[in-house]
């Protein structure tokens, strides 16, 4: 807006009424609340939501995994690349990014096996760890009841997703993750907690939730908080052949 | 995850080392931190990011505007519907939803005129008001410098966008807006401020920013804070033929 | 301040330097950021920190307990009033205020028995429950080790105090508690969490910590969150003859 | 608490009822939520609220000002020390601490002249700057109307105090200030804003308010945000003979 909208006019009218009785701030001019500097940096968006914008690091383009990823020991990642996606190889262990990240926007697409096997946590299970510590659960949660704080889109054992907006097994799904890394006090406790917002398939499932601590399979997350800096994005090998594609990340 | 990940194993190893010297909490079992109830509600996602999920209210489907919208006076909206989109008619004034909203996720697509006219605030200007008060700016900000807190994607006169990720005039662009309505103290001041997260064309441009008050063309937003409840979504007539389509909203 | 301080002058100097290169906001006048209305309400402070200010409700003045307090069933409180203070009577059960509170500032003084008996949680144990649910621990923590999230000044089983600033058994100590009640979503989950700041004997021991849920002796606080409104202040009978005095509260 | 309180019993009863129908988390033991390490550090409180606790830095003990303070240029402070307090000398300029602080608890007592002269901002005006930038106003606001965001206890030009709990001219008053320093993004914007809680004469007047930017006599605080670290506490010379005493600070 620049001209005075109908809303502003309403407010001005109210303000005029009040000012007969009470002392108002001295009237300002519109230009006084314009901030011109610095200019906002320009970014070219991707053609679709799956495509990386110009300021993103492409973590996986469908072909070369070894450019940006290693296995747990820093060696070649043992997962299978085919048909423009990468698939967990049971027993090959996790893969992790060579680059380290803290605050970021991460786009990632995933697919659980079309052939349904197992149930609850045993079906299409994998996970995305932010800063190597904070897991966004990947699971086949389509007609597959499990504990709510462990289903797809949960911050594992900390926050259930707001809704279960999973697609069927064998279909590609997307996570858009907005991640704010924790800041620490000198004694290693959190000054601010890690915060996560997630859209799954375009639908909000986590709304700026603040984590209690690193993901724990057993016990109390707070107990495991310790100071850390930027760290890798980790994808989990949970033994199920879950696939990933179109992985890009923007540092915030 | 369900089995113990390499990360958890690391932590357990650390924990064991510590426990030789200090008193640890009694060991827990994995099941103790599983929350099963209530079951997370199921939502069917749209086919693409533009399509409404099953729990959304479709505010505009490309055809009938009068079902969900009125003009400022509650009468028929005077904007033009054609080719699956609705376009501002200069002088017809704002349009607003019949339904009222507070916390919500809003998907909306917009297009500024392919024929470039005017500059700064005069080019492709419109706006989206949350709760009739808080404006997300719509503007042709493609090669069109203006004040940073007034360009496309700004929370008008309060927050510049993190990046300028605008498409060219004549191209469709999307906003995915996550809006948290303010809560009020009894005296009409904010208990919590309105908070907004926005992705434009899939790229984060506002990250949970907290507003100072209702949008003001002139003056100090705080001065205009007053208690309000759910309210309409308003689209602004700023005199430029900006178009909108694929508008859907989810109550949070 | 009113005249331009040395600091402001410094900033203005910096601003002048910048403005040679970049576009600045139009210059304002000092009066434009003065807010005059409404007038801030006047309160008369107490003579000392122990004395109630003029807008406080005096919950216990050293004499009459039954005016503002009942036992758990709403009957006469069974605790002993003598020497200007009230003392827990073992087995008489809790006492609670007749009035209900949400956001508030609470001043309360307490004393654990001069004769030291028991250890850990068994020594001088009582508690102050905000909104009948959220316990600020009262304990003789002077040379009496217990779990850190259960000692005096802890938010029981949720937050240890920043420091242990306890006086010796038999001495009077003060808590100044600033309490922000939770707000709720319609589904009974927290919109904002309860938040507590505490000064013990004038020293900060809790700094705006946000609670996970109602106090739980066993288990996970989150599991017990349910929508509630204003509620009583409760003092706990834990079997030890802890005394209280100078109790006043201000609604915020 | 340690034994199960009446409240916990209520919850357990509710939980039992629910568990007939739904799946509950596996039952825990009380010891599982006890955190023992590390031990909370012990601090000896002052005898009264005016006296420094054992972990405080005494910034002014009533006698020697030059030990902890300088003037603006780093030289000897030109203010007058007498009768256990220090008084502004008009024209001597500000004084500031030699030590630098970020997060802290500050106790300070102040007195405006018993002889009332001037009005509005001209009566008993001084100020306390946190990190050399963020002013807590000192003013004779006893029967002295001024703009609400400029009176005693205001965060100057940003937040009016919740109540006006000033004592009369010539009487000693106290501020207990809990200050959280800002954290910064790499580009010099705030990651978290400065936050302040203040008790004046034992009464809450600022409740964890978050600042918009450095204090500005003229203009928009946001415009002056720039990255900074720990900095001095500054007391302002505004030309009025305001006195200070019992100044101590604790690093948080």
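A, B, C and D label the chains in the order they appear, each numbered from 1.
Operating definition for what follows: a residue touches a chain if its C-beta (ideal position, glycine included) is under 8 Å from a C-beta of that chain, and two chains touch if they have at least 3 such contacts.
None of these values were measured; they are calculated from a predicted model.
Of all residue numbers used where chain B meets chain C, over half belong to both copies. The two sides are thus made of the same residues. Two chain pairs are in question, A-D and C-D; the one with more C-beta pairs in contact is C-D. Between chain A and chain D, the centres computed from C-alpha atoms are 36 Å apart. Chain C and chain D have CA centres that are 17 Å apart. Residue positions 25, 27-29, 32-38, 220, 223 of chain A are each in touch with at least two other chains. If touching chains are joined by edges, the resulting network of the protein chains shown connects every chain directly with every other.
Residue ranges on chain B touching chain D, taken from their complex, read 18, 22-29, 31-38, 212.
Those residues of chain C lying in contact with chain D across their complex are 1-8, 11-12, 15, 25, 27-30, 33-46, 48-49, 53, 55, 72, 93-94, 105, 107, 120-122, 125, 127, 129, 132-133, 135, 137, 145, 147-151, 156-157, 160-165, 167, 173, 176, 178, 180, 195, 197, 199-204, 207-208, 214-220, 223-224, 234, 236, 238-239, 250, 252. Listing the residues of chain D that touch chain A in their complex gives 32-33, 35, 183, 191-192, 220, 222-223.
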